[in-house]
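First chain A sits with chain B, and in the next complex the same chain sits with chain C.
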Partner chain A sequence: MSNVHDNVENSLVKNEYTKSKYIVFLVLVILASVLPFFTTNTYYIMLFDQILVNIIVVLGFNFITGLTGQMNLGTAGTVAIGAYITGLLTVRCNISPWIALLLAIPAGYLIGKGLGYPSLRLKGFYLALTTIGFTVIVQLMVTNLSDLTGGTQGVQRIPGFNLFGISISTNESFYYFLLVCVIIAVLISIKIIYSKWGRAFKAIRDNIDAVEACGIDVADIKIKAFTLASIYGCIGGALFANLSGYINPGTFGIDMSFNFLIMLMVGGIGSIGGSILGAIIVTMLPESLRFLQDYYWLIFSIIVLIFVIFQPNGLVELFNKIYKAVKSKLLKKKGGDDIVDHSKVK
Partner chain B sequence: MLLQVLVSGIAMGFIYSLVGYEFTLIWNAASLINFAHDKFIMISAYIFAGTFVIGLGTNPIVAVIITLIIMGVFGALVAVGIFNPLRNMPSDLYAVTGTLLLARILAELTRLIWGPVPFTIQNFITGVVHIGGIVIPQINIAIIVVSVVFLIFLQLLFKKTKIGKAMRCVSQDKTASSLMGINVQRYIIFTIALSTMICTVIGILIIPTFMVTTDMGSMIGLKGFAASVVGGFGILPGNIVGGMTVGILENLSILVLPAIYKDVVAFVLLILFLLIRPNGILGKRKD
Partner chain C sequence: MTTLSTILKLNNVTKKFTGLIAVNDVSMEVEENTIHALIGPNGSGKTTMLNMINGQHRLTSGSIYFQNDEISKLPTFKIARKGIGRTFQNIKLFSSMSVLDNVLVGGHFGTKVGLVRSVVDIFAARKEERQLIEKAEEILNMLGLYSLKNELVKNLPYGRQKVLELARTLMIDAKLILLDEPAAGLNPSERLEFVSILARLHKQGKTLFLIEHNMDVVMTISNRITVINFGAKIAEGTPKEIQNNDEVIKAYLGEKYKAPKGSEVE
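Right, the complex of A and B next:
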């Protein structure tokens, strides 16, 4: 980052982030940390845990699909690999889940490079096609190599984490552990988004020719974004395996990839807040529609479809509009003029 | 054995070719990929088998015609209601998400209307034919004959009729075609309706092999993508070449590999081609 202009712009954007969004983030963290005190229902705690795992995966997914604008439908495949690494290593080889969690990072890196290289050098839909293929291959392999993976029976009794002799395997304690993971994931995401890489990601989405003209290696940046997505996905998968204690191939179908895509779209593409919101809404909404019984999944899909057509920028856009309206009203009272442009904050 | 495998490979190859054809049409006309196409295939099989042949006891030939008309209208409605608004969005993501959600809605509707239990039509193109020493299932012959006839029909439609020529114009250059007085919007709707009708043909042809289930089209739909990339993405004849390659190699793989890897072959081919020859067998190098 030798460029002076780069640094100035970077610090400007960063400052803006620190001012408003960090406070919101802090409030959210505090709210999230007291949340388990309001319910004793283990099912809800389990659901909250699930949301936190989903947030991690969607944050990663956001790099490639939200920021860089490349369609990735292989999230389920990466999550499956992360989950099976943890599952098999801890159950079959008695390796500590911590090491398995760490191993998810190189695994994600390899997937990212391996799949990104053939498909991201080309323009167009190729990544979508290869990642779909990848997910199908992973699911087929995991189902059919039953000697290694347990086949359709899956892997059972995956042990939980142990921290200095204290077990964090109950849903409540695991909730706090996941919360810490999510906070780390969010902070890393912020760091990356407001770095040189993050700006290149967004530039590729907005105008790929301009990026090329600036002398940036487009394919390389795209592969970086995809690798980040796979690393987040693998970590999410490892945590998912620890959370549910049982994994089977049926979970990791194409449908799971679609779910993550829907989370991103509903929340708002390209935004950290959007990823978090989307993960929360899309995990919770079907549960709250359960009273519709047989029709709940249908109604849910229709709601989301209408939402995508009429509110393409997601829930975050709605919140931003409200925020802007409130702020301009306040400023008018004070007699101040135009408000700061918030469209940069994503 | 080898000949038998080859024939079933060619039959599956034609199915993949049709799948490739069907979504390449939409890709060329509206530059979006219809990820709901496997559900279009599935729902036409349900309408044909569930409602007409089994439910109402209609003669299969009449049922085919009625299903084609229903699905054509359905395709046009989908084009107006979902594809047209999504086509003009700033990013491809919306279109993909829209078609994926449509797929889910269709799957759910099917489950609610026809129930989750798979079924099939009794005595619908079953049985085998003995030619020389080899045994060929009738359905494979039916698939090959119908596909060839249908592909020739499509070729004539595109080359000889005014509608077909207009469709080709729209897929080549939208601005120029609207300057020539072609109603671009309308021909996109036509193309999507035609593509949906191809899905119907596929859906009916695969009933004896795959039964009528909610995910009967999934694997075929995905392999159709692979076939299309292998043959040359966006090129209509490329779909036939790619479909044949995938269909035959996949069936030959049974002879050397354990049967469980059969479904993997198509996707390995996809990734190999992206690495070595991204423009496909028939594709020209652009740069």
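Right, the complex of A and C next:
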């Protein structure tokens, strides 16, 4: 879970560093799996569930906006489509939520290809505008095609999952189910980001002309990143529908897209750890500010602004700095040993 | 005069930017395994020509052939895949990535493992990556960048960055390398090193087509020189012929570079 800006440290002391990354990941997973034992408040469990769903969406969003650097504000649209596929198929057609969840993958794929093909030829603001357009169109459609989607009434009583006859519809059991989903999503993200594909994504963010001169079809790579984002988004949407049991168009507005963007910015653009951190903080923060009542959105916005100004590479960089500082202090204590260590690693 | 040894051929190439004729009816050939220089005053259309060859600019009229295939209608990435690499006047590297990663991007298009397979089939992905890294490290080694392979590009000195751009073109197996002002901004010792690298690549069978303002560099390494002025070709020939061409001296070189009678130019 390193930041992209840390490539040097990453490769210089590769074994040590990757090992510590996996240890951090493992510790996080263990922490997450004992978390429900500390609270019996279903509201908090529900909040944790929401965080896990958001992590999946932000991990996907990270591919297109974090790594490839394309401003995509269509996230809410893809989440809406994923949610409505699950909602409508399970409620109207009595199809198993498992199948609906799996159908989110081809749906995301189709959105990625279908929307990505025309829009990713555009750059910067124009891409942002088209993807905003996509979100607005999806929201308008689910609102107005009320015969199909239930309109502003939304879809109610979306059933939970069943695993070999055991229902995983309680918040606690669903929490563990989501945790497994998040672990899979993180592992796939790691595999992609540290492969040649992740490298191509980052290269596009750094310099498009040079990528083309390297013989890489930029449009194709962008569409791949975008498709990944849509698939993650649709799956996140499907899980969201199962989690809340009720969806309506109002949830999937453009502010939802911005919310995911804020998560990525606060956590750390281009980083898996950052995506997770951002999803946790931005989901928790408004809840912990509720006591401010009417002012909480104001305070929340100010906090986000402060983050963006003073920590533009996200919170994850702060953690990395602390980690490095602690490490170098520890090495200093050992005295001359570290010099020998470094040459060995090299 | 299309012989087998012609690698790049420009036929009556013209480029107009609304009202301005940047390149006007230029025809020329670059022969295989030569170092061919393109010189001319500022704004004479040199970079525009390079941009047309590698597909960044569309031609207004005319055509370009690379190894007897027309490339003037292909997109940049397809031209690169055919074997034309290029470096840029204002270095274009992936600045947040390491030196090794920068070179590896050049190897991307030749790989086969797809996105889904690189997640599912870890072994194939790993094997492919190892082969890529081996090739990249060989190139870095040859160009004297190996010890810097884990360094971030933004921390490299300017001269090293220029060499790295060249390394990337080698990674795409370019047969023809277009160089836009390779010696600009280099200090004398860096320049000397760069020239020796270019000479080595030439020896390995690469064809180099370069734009350069430093006449010492141009006259030392090139086999053939084309001179353009106001978008039109005014002369072509060996360094010695160019140095004695009155029109070139008037338009660009100045009296200083006129070769003294009877002397050999090194």
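FYI, the second predicted complex is superposed on the first by the 314 of 346 C-alpha atoms of A that agree within 3 Å, B and C clash if a C-alpha of one lies under 4 Å from a C-alpha of the other, contacts with A are read in each partner's own complex, and residues count from 1 in each chain.
Here is the rule we use: a contact is a pair of C-beta atoms (placed from the backbone, for glycine too) under 8 Å apart; a residue touches a chain by one contact, two chains touch by 3 or more.
Computed from a predicted structure; not experimentally measured.
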Three-chain arrangement built on chain A, chain B and chain C clash or fit: fit
Partner chain(s) touched by A:I132 [first = chain B, second = chain C, both, neither]: first
Chain B, chain C and vertex chain A (Cα centres) - angle in steps of 10°: 80
Touching partner for A:M265 - first (chain B), second (chain C), both, neither: first
Residues of chain A touched, compared between chain B and chain C (which is higher): B
Chain B versus chain C as contact partner of A:V218, first or second or both or neither: second
Which superposed partner A:S195 touches (first chain B, second chain C, both, neither): second
Touched partner set for A:A210, first chain B, second chain C, both or neither: second
Partner chain(s) touched by A:I56 [first = chain B, second = chain C, both, neither]: neither
Three-chain overlay, closest Cα atoms of chain B and chain C, distance in Å: 5
Footprint overlap on chain A, comparing chain B with chain C: 205
Chain A contact footprint on chain C (complex, rising order): 54, 56, 75-78, 80-81, 85-86, 88, 92-98, 100-101, 104-111, 113, 115, 118-119, 122, 125, 128-129, 132, 150-152, 155, 168, 171-172
Contact footprint of chain B on chain A as seen in their complex: 65, 69, 71, 115, 117-119, 121-122, 124-126, 128-130, 132-134, 136-137, 140-141, 144, 205, 254, 258, 261-262, 265, 269, 294-295, 297-298, 301-302, 304-305, 308-309, 312
Touching residues (chain side chain A, partner chain C) in the complex: 4-5, 7-8, 11-12, 188, 191-192, 195-197, 199-200, 202-203, 205-207, 209-218, 224, 228
In the complex with chain A, residue positions of chain B that touch it: 33, 82, 85-86, 89-94, 96-98, 100-102, 104-105, 108-109, 112, 218-219, 222, 225-226, 229, 233, 260, 263-264, 266-268, 270-271, 274-275, 278
